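Letters A, B, C and D mark the chains as written, and numbering starts fresh at 1 in each.
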Amino acid sequence: MISFASDNYASALPEVLSALTEANVGHAKAYGDDPITAEAIALIQKELNTTAPVYFVATGTAANTLTLKTMVKDFESIICADSAHINIQEAGAPAHLTGSKIQTTPNIEGKLTPEGIRQLYTGETFWGRHSTLPRAVSIAQTTEFGTVYTLDELAAIRTVCDELNLYLHIDGARLFNAAAALNCSLADIAQYADILCLGGTKAGLMFGEAIIFINHTLGKNFDRRQKLGLQLMSKTRYVSAQFKALMADGLGLKAAAHANALAQRLWKGLEDSGLATAAFPIESNQLFVQLPEKVIAPLQEAYPFYTFDPGQNLVRLITSHDNTEEDVDNLLELFNTLTNQ
Amino acid sequence: MISFASDNYASALPEVLSALTEANVGHAKAYGDDPITAEAIALIQKELNTTAPVYFVATGTAANTLTLKTMVKDFESIICADSAHINIQEAGAPAHLTGSKIQTTPNIEGKLTPEGIRQLYTGETFWGRHSTLPRAVSIAQTTEFGTVYTLDELAAIRTVCDELNLYLHIDGARLFNAAAALNCSLADIAQYADILCLGGTKAGLMFGEAIIFINHTLGKNFDRRQKLGLQLMSKTRYVSAQFKALMADGLGLKAAAHANALAQRLWKGLEDSGLATAAFPIESNQLFVQLPEKVIAPLQEAYPFYTFDPGQNLVRLITSHDNTEEDVDNLLELFNTLTNQ
Amino acid sequence: MISFASDNYASALPEVLSALTEANVGHAKAYGDDPITAEAIALIQKELNTTAPVYFVATGTAANTLTLKTMVKDFESIICADSAHINIQEAGAPAHLTGSKIQTTPNIEGKLTPEGIRQLYTGETFWGRHSTLPRAVSIAQTTEFGTVYTLDELAAIRTVCDELNLYLHIDGARLFNAAAALNCSLADIAQYADILCLGGTKAGLMFGEAIIFINHTLGKNFDRRQKLGLQLMSKTRYVSAQFKALMADGLGLKAAAHANALAQRLWKGLEDSGLATAAFPIESNQLFVQLPEKVIAPLQEAYPFYTFDPGQNLVRLITSHDNTEEDVDNLLELFNTLTNQ
Amino acid sequence: MISFASDNYASALPEVLSALTEANVGHAKAYGDDPITAEAIALIQKELNTTAPVYFVATGTAANTLTLKTMVKDFESIICADSAHINIQEAGAPAHLTGSKIQTTPNIEGKLTPEGIRQLYTGETFWGRHSTLPRAVSIAQTTEFGTVYTLDELAAIRTVCDELNLYLHIDGARLFNAAAALNCSLADIAQYADILCLGGTKAGLMFGEAIIFINHTLGKNFDRRQKLGLQLMSKTRYVSAQFKALMADGLGLKAAAHANALAQRLWKGLEDSGLATAAFPIESNQLFVQLPEKVIAPLQEAYPFYTFDPGQNLVRLITSHDNTEEDVDNLLELFNTLTNQ
């Protein structure tokens, strides 16, 4: 299947498969005490310019939930945009497993702003012990709508967090796409976070997310919480090997840059038609666009993608590392044919 | 490394790696809506002679915890042997995430008995609302000590469960080894369970456990609980493909029979020396044996394994699918050399 | 102290104190198995025209939280107005202890509307297993802003709940005030609820709230959940005795009607001044009014009350069973003096 | 009713009722910000020779559960005797609401020993991250069986706690009885605890337990946890007033000494008959005794009490502050009549 549905529909990078083959030799210590895991961690630390503790988990929801849990006590709360993945699309897991309230404020093009944080904080603390104590801020880079926080925007959020004694959590399910979009290093973004969740699955792994405790203290005893949180994989070498491949030779960044470029190519084609409207700036590998109603169904049938707001003819198109320029051009050709009918 | 430390130290079966390569083509629907997942589920259902709902999760602790959660409400409790993995080695996750009390009774060679269940039930219900209401029984097949419940023993436990209105949960992290030991089918064992957790990782996968809701009702809405429990992997095809390989052509059973045979070979060699004592009957791929103190450290250095009760010189040796007769014979040769020094 | 701060600042009704004295004779069975508890329950059931199970707990937050817990499973969610007590002023307890997400929609004069419920339901279920399944609706009667749902409005909410398979929870911390305002019986309101939390503390008890499982099924095993939820008081007779007094001879309704009448008297006096603006219709015993800035501080010093939105000069004045017409007139006199200075 | 069933069956002390009457005047600040609460706290602090933060909650299970929650993180566990109230008779609340595992060891006459603590600690930490990290020890003074830790025994437990980095929690549901038995002050016992739960209900209140954070740090933000734990009573003055009465003029200690003396009188009478056997040393106000089978039912009918192990004719007799010497003598007279028949 060729689709623009999600980077979750995409296959794994060939280098990842090779790495698994290479790792599949003989016995190795379980639970991350093997040499491949050590190598993968070292590569991540080097790329992020940090000596922070690094752990691997199976899913993005797991990464977000278990790390938020290290930031908040039961009576403390988490601030995020109303559009945040942790608020909408994780089945309530972050609130359920932290036991903490998630405070939301309307997003601005998918983003949380320093003003939004400040307002939520003031409103919630007004009630004293009858309400919760905000303690963490969570943002996604890239956002749910494919927009990308600039480094200045990140710095401004960090400043308000420091002022209000709030930890900063970055959900980096698509961090490679963000870094490629900003033409910066992962470290340039990571420096602002207390905890960074670095997505592997959407970047081209079979599965696997890395957790980096930039703020080392929060990582204390995380090995126990990883087990308690159902995320201590016994044969850890098979997730580490994938990350090792992704971090070597800038593979992750290259793959993300390719996907981002396809998104621009796709948007240019749609824009040129004069029949598509972008709901958000197209800055990474996600396009939220309004299309003529009549083309949506036949286009979806040929190249599956998601419809977001049927009444508004709003669709989401995602480009992945394994999509090609040809895929994009074929989609555009069909789009033009359909609109001309 | 060649070891007898754990089937978690073992590599993945070659067929599993081939299956991953085969699955890595183009886009596929995420979250288990892909054709490979459908095929893997069908193979499991066929082997278990059931139409039960089947789900895949990343770890054994996840499989046990999330399924126990479908059996008990917050005021209800779970009965198991004191030696149970869910009681000792899962970092408290089953109690933590179900919110339910785990009641234990002393094991008999790793097993829970109908009498033990009955006693715990009577003792706990004596206090009425001031205590908990037992609602589930959890057993492991094979047990923590490598012993295997006979089908008659399973039937007797099922009977007491029915009588006391208790669900029966089978932790089958090593179910293939049990079936191979009993020379029966997986279905012969599964018929007694309300929920069966079928281990893939220790059977030769890179990772992955299957959950089978023999009692269909308990599986209602499990897709939501799977997400909430951090176990809904987006690219599910990569775990399904592994299970598909394991279930095809009896691969899992063959690999387990091989490991079991190596355990017998190993035990025969040790027993012949007259210097080893088995702490439990050796019925599957685990040996708990007392060895002469002086041989333990040098043996461990050559072929890593775990020491269980240092004061008692009790060690655990596990044979895996990728150990060979030669590995066993080399270990025995070293053992004999060391004991003769 | 004479205040208009809260019905939580108020004393207990004299009849309540007499009832405690009367109950304090000899030994009585613990945990609610005593005759006074039976009498209190019978009186509540009679007044509500139901045979529903009734339980007593210590606080309103406890009543709301533990009853919501009987309505939702971990993957299910609760719908309420953004202004709801369970959302804002209970320190996150309902979400924390149910483990369920609380979905909010903007209130209309403190109320939740059928349209609001429908929109939240549709929005949340759009994401399937990636989001939560709405299962309960919670409303407060009277609302946080002192407004009162008409019986027609309650019927309309009940209808949408039935249609969408949602339970209806009524937080009746001030239900006596609502019934007095509507000039109806408690039963007229209770008929729409699956669970009704009937407030005693704000109605004139020292402490104590009653829980009534209009939908009997939800009350199954609640005695165990009451204990687990830290709310099974051993000497239950001392809360039952208070409720017995409150239900006898319409005491609760009379006390609430008195408080409501004082609120009207207070509002009339403020309105006549031409210097006060009501933020919400004044329908029960709460006034949210904007007052001239200069009078607020001196008025508060003489008769404590809460300031809600300092920038807007918005204050909340609550009349209680133990306030008198003289108290109100004295406040008004001071108000007029201050405004004339 | 006259009974020997429980100090939960007992009435409230007359001084407590007077205190409630006295407190019931006018409005007072809610949630503990009133002057009566300040006075009650000062009295407790003085008696315990501490400046520790003090809070009031409604039930003993609440006191134990919420304070244990301040001691342990989710991956940490609690050590107690198998007979502990927190393990057996609190419906699983301590484990449920802390999310932590409760580790038990066989009791020695109701007591936990330093050796028992050490063994549990060593056994649990053997498994590293696969198991839990013991962090708190909980003991009850008096114990479930009415025995009393000597000050030396408490000191020895404190020493092992310090050595193993464990907090010490004392469940003092019957602490007044313990102090009366040891002829020491409450402070003499409290000095060993990190947190002391001081029981009011069994000591003669209508309801109410005090929590004292001897280790001040653990009390940080407890006001928020109290609300989150459903235990922030709005009209706190009505529980504080009761405690104020109990602490004034040594009322609590006198009442407990009276109950203890009755227990000795009762035991002497039974022992003299030559027909009763004490299952545990009788050191406070609880007797666990084996009686001739034929007398149990008729004795229970006249003076209700609990049967503990029917097959063993083991019963529990509790003396309360409102039992009299005459009550005891009447029971003994009936006992002698029945045994002579």
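To be clear about the criterion, contacts are C-beta pairs under 8 Å (C-beta built on N, C-alpha and C of every residue); 3 or more make two chains touch, one makes a residue touch a chain.
Given the structure is predicted, the values throughout are model-derived calculations rather than measurements.
Enquirer: Between B-C and C-D, which chain pair is linked by the larger number of C-beta contacts?
Expert: C-D
Enquirer: Using each chain's Cα centroid, which is most distant from the centroid of chain D?
Expert: For chain D, the chain whose C-alpha mean is farthest off is A.
Enquirer: Just how far, in Å, is the C-alpha centre of chain C from the one of chain B?
Expert: Their C-alpha centroids are separated by 51 Å.
Enquirer: Can you work out the whole-Å distance between the CA centroids of chain C and chain D?
Expert: 34
Enquirer: Multi-chain contacts only, two chains or more: what residues does chain C have there?
Expert: Correct list: 31, 74-75, 90-92, 96, 129-130, 132, 224, 227-228, 232.
Enquirer: Chain B touches which residues of chain C in the complex?
Expert: It comes out as residues 31, 69, 73-75, 129-130, 132-133, 221, 223-228, 232.
Enquirer: Which bits of chain D are touching chain B when the two form their complex?
Expert: Within the complex, chain D touches chain B at residues 74-75, 77, 88-92, 95-96, 99-101, 127, 129-132.
Enquirer: Would you pull the chain C residues touching chain D in the complex into a rising list?
Expert: Within the complex, chain C contacts chain D at residues 1-3, 5-6, 8-12, 17, 20-21, 24-31, 57-62, 65-66, 90-93, 96-97, 201-202, 206-207, 224, 227-235, 238-239, 304, 320, 322.
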